[in-house]
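Structure incoming, see below.
Naming follows writing order (A, B, C and D), and every chain is counted from residue 1.
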């Protein structure tokens, strides 16, 4: 393997991202976050098969876009690493991916409803989330995106959006950086909770497409503010 | 009493299970978890009458399948130990039982609705939960399963399912190991919360029977991942 | 003042009760808990005007049944001490009173609906909570039960029940001991949350009167179990 | 700059207010709280652009009523400082302002519904909250109140009320002191949650105008009680 080592700061950031997502209830004992390799766009970095809350730097494994591990050294890897591989293959702009069973998002997937931006913090949802129905691709399955064909179908369903709901399973968000992907996964959960409540109260006025585009752009300039908070809340890892 | 001592690792695991279930809000000051004795299928291990969060190894008592304590040494035992005894008697495949008043599950029992698997994590719910109506067995009671007759009726109602709701009371889940029973009790609570929300949003597409069976099988291979997290979160007991 | 000093264990227990109620979200910066004086049934013990979470033994003040403080020594007292005074006057069986703005109970009071026992843990609700409408007694007020006339009206509304809802304000629960009053205030909150959810799901089958009476009786024998947990969770005060 | 230094106790109180609001979930990584300068009514104090939970005394910057920073010394400032500036300009009685995305309030803004006082603790809501529709002022924007014109429109919408909802964004509360503004922001969140639940249960009887006015007046005398709790919960800053 002649691939140069990934930036240690990126590896560290992935470990941190796992713990932030756990702290905020986006992942529980399950779910995962990856980043595209900073030295090779055709590789990505993802923890070995383990609970996100426990991930350390040394647990990060390198994968190619067929989801083969380069340096697992016998360690088990996630069954659903294909989610990440195929989104990196399909979307050159995506540098990080979060897959979770974020609780408030689940009811939307199973009722066939889109997430829509209730407030500016979730403007990245834009004109709405995509919805992946695994039955349409492979019939009755174990619900897992555990091979390249399913991963490619999921990536196609995501299209150019920021987040795709997965019926009976969870959701997957992509971003231009680890920080942005974490931000999106976390505020997708917040938005889902607020959208549910708003729908019970009455007719909801969502951000329109122009508002969403403008708000998403300005929000991106504020991500470092909240990342600094999250980083301090987690503290040193190890 | 000529019964050999239970495996200390199993006794330790029951204490740990009590604390995990408390940490995740499945039990509060009430509720209990047992395991079948590893040396004698006609005995089981269950804490003395106490709050689950406080259980230590030395609080675990051995019972026979008539719910008689062998080594209580004067300590009070749970009024509802018959739940455990009769499920172990009826279900040779069950190695551990969790009884709780897990909050989100209660509204289903009192409205006569089944838990159904909203997502793959709760695929063990399969084609739905059973519902135990104690009034049908014994008229107006104190709601407790406090004798063998009521325990046997509950076990019969559970049948071959993984979980039975108890109207106006709580629920009971069985599993093939302590880990699996804890997992099921915890994700039954999560599923109930999500199912309630989904029903308020619209028509729910649950996992079908084939999906549930396949997902339950693959999920069982992932339980050690989350158990390791829970074990570390509790830390050493004592 | 010739009144003998109250049992220090009772004073300590009141301080502990304040902190338990805060830990479980029954009170926030507001709300209070009292006990009838163990040496004089015509006196009661209640903290000075302060946040429940901060109450220590030395903050407990003695009051007569007209809500006059005997030993406030210049310290401010609660505006609503009349709630306690008049319930002790009207109900010889009540030894402790909790007044709170327990959140899930509020929506019942303002929509004119009764708490009813969803599960055996809240069997003490019996055939339903009382509802106090302060407007019927005194027209448009500041909503506070801040004199004897309002206190007496509240006590009359409570009648022989365990809990009275106060429209636009909160609720008040009485018990035969500090432990029982705390238990009732806490499980009234739990019951309210579950009852709301159940009502959204469908037609609710509550405990009937016979079930509630029997379950309440047996539950009272289990209160020491949960009190021991709560006591350990708070730890030493000071 | 000849402006005398603000009272250090006030600066400290603003840092404390930021942390209280974070602890209680009124702000997350976003949101801000300011106070009018105690030596100059035409200036106010507000943190530099950062997460509220991390604010220390030295992060507080002085602004004039055009939202120009006097002593930022190159530090980034909040894009929405105009919210504060224009409310101080319009409302001589306001001494402190909290802007947040307080979650339970959001569903009201996006469905065009007013907060109304469900219980006496939120009597300051009076006859209802105002609602700011930024589209009416500036068409499709990034949703931020990021200039004086938008700030003035928001202040005009607030009028003499205590709180204004901002559609698709959040809310802003004003008070006669830092303590009061924090109290209002926090209990607006509580009220919103209870009001949502009450509306799902049935027809809601809110405090009427007379009750609200009387309750708000008496509650204001109790704010020091809860502030003492919050202060102790945060502990020393730094």
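We take it that contacts are C-beta pairs under 8 Å (C-beta built on N, C-alpha and C of every residue); 3 or more make two chains touch, one makes a residue touch a chain.
Everything numeric in this text was worked out from a predicted model, so none of it was measured.
Engineer: How would the subunit B/subunit C interface be labelled, same or different, where same requires over half of its residue numbers to be shared?
Structural biologist: Since fewer than half of the residue numbers are used by both chains, the interface counts as different.
Engineer: If you fit subunit A onto subunit B using the CA atoms, what's the rotation angle, as a multiple of 5 degrees?
Structural biologist: A turn of 90 degrees brings the C-alpha atoms of subunit A onto subunit B.
Engineer: Cα centroid separation between subunit A and subunit D, in whole Å?
Structural biologist: The mean C-alpha positions of subunit A and subunit D differ by 33 Å.
Engineer: Mind checking the centre-to-centre distance between subunit B and subunit D? Centres are C-alpha means, answer in whole Å.
Structural biologist: Each chain's C-alpha centroid was found; their separation is 46 Å.
Engineer: Identify all positions of subunit C at which a residue touches two or more other chains, and write them in rising order.
Structural biologist: 200
Engineer: What topology does the chain contact graph adopt: line, ring, star, complete, or other?
Structural biologist: If you draw each chain as a dot and join those that touch, you get a single closed ring.
Engineer: When you check every pair of chains, which ones turn out to touch?
Structural biologist: A-B, A-D, B-C, C-D
Engineer: Over in the complex, which subunit D residues touch subunit A? Could you list them?
Structural biologist: Residue positions touching the partner: 28-30, 49-51, 53-54, 79, 101, 103-104, 106-108, 110-113, 135, 140-144, 167-170, 196, 199-200.
Engineer: Which residues of subunit D touch subunit C once you look at their complex with the stated criterion?
Structural biologist: Going through subunit D, the ones touching subunit C are 117-121, 123, 190, 193-194, 197-198, 200-208, 210-211, 214-215, 217-218, 222, 225-226, 228-230, 232-233.
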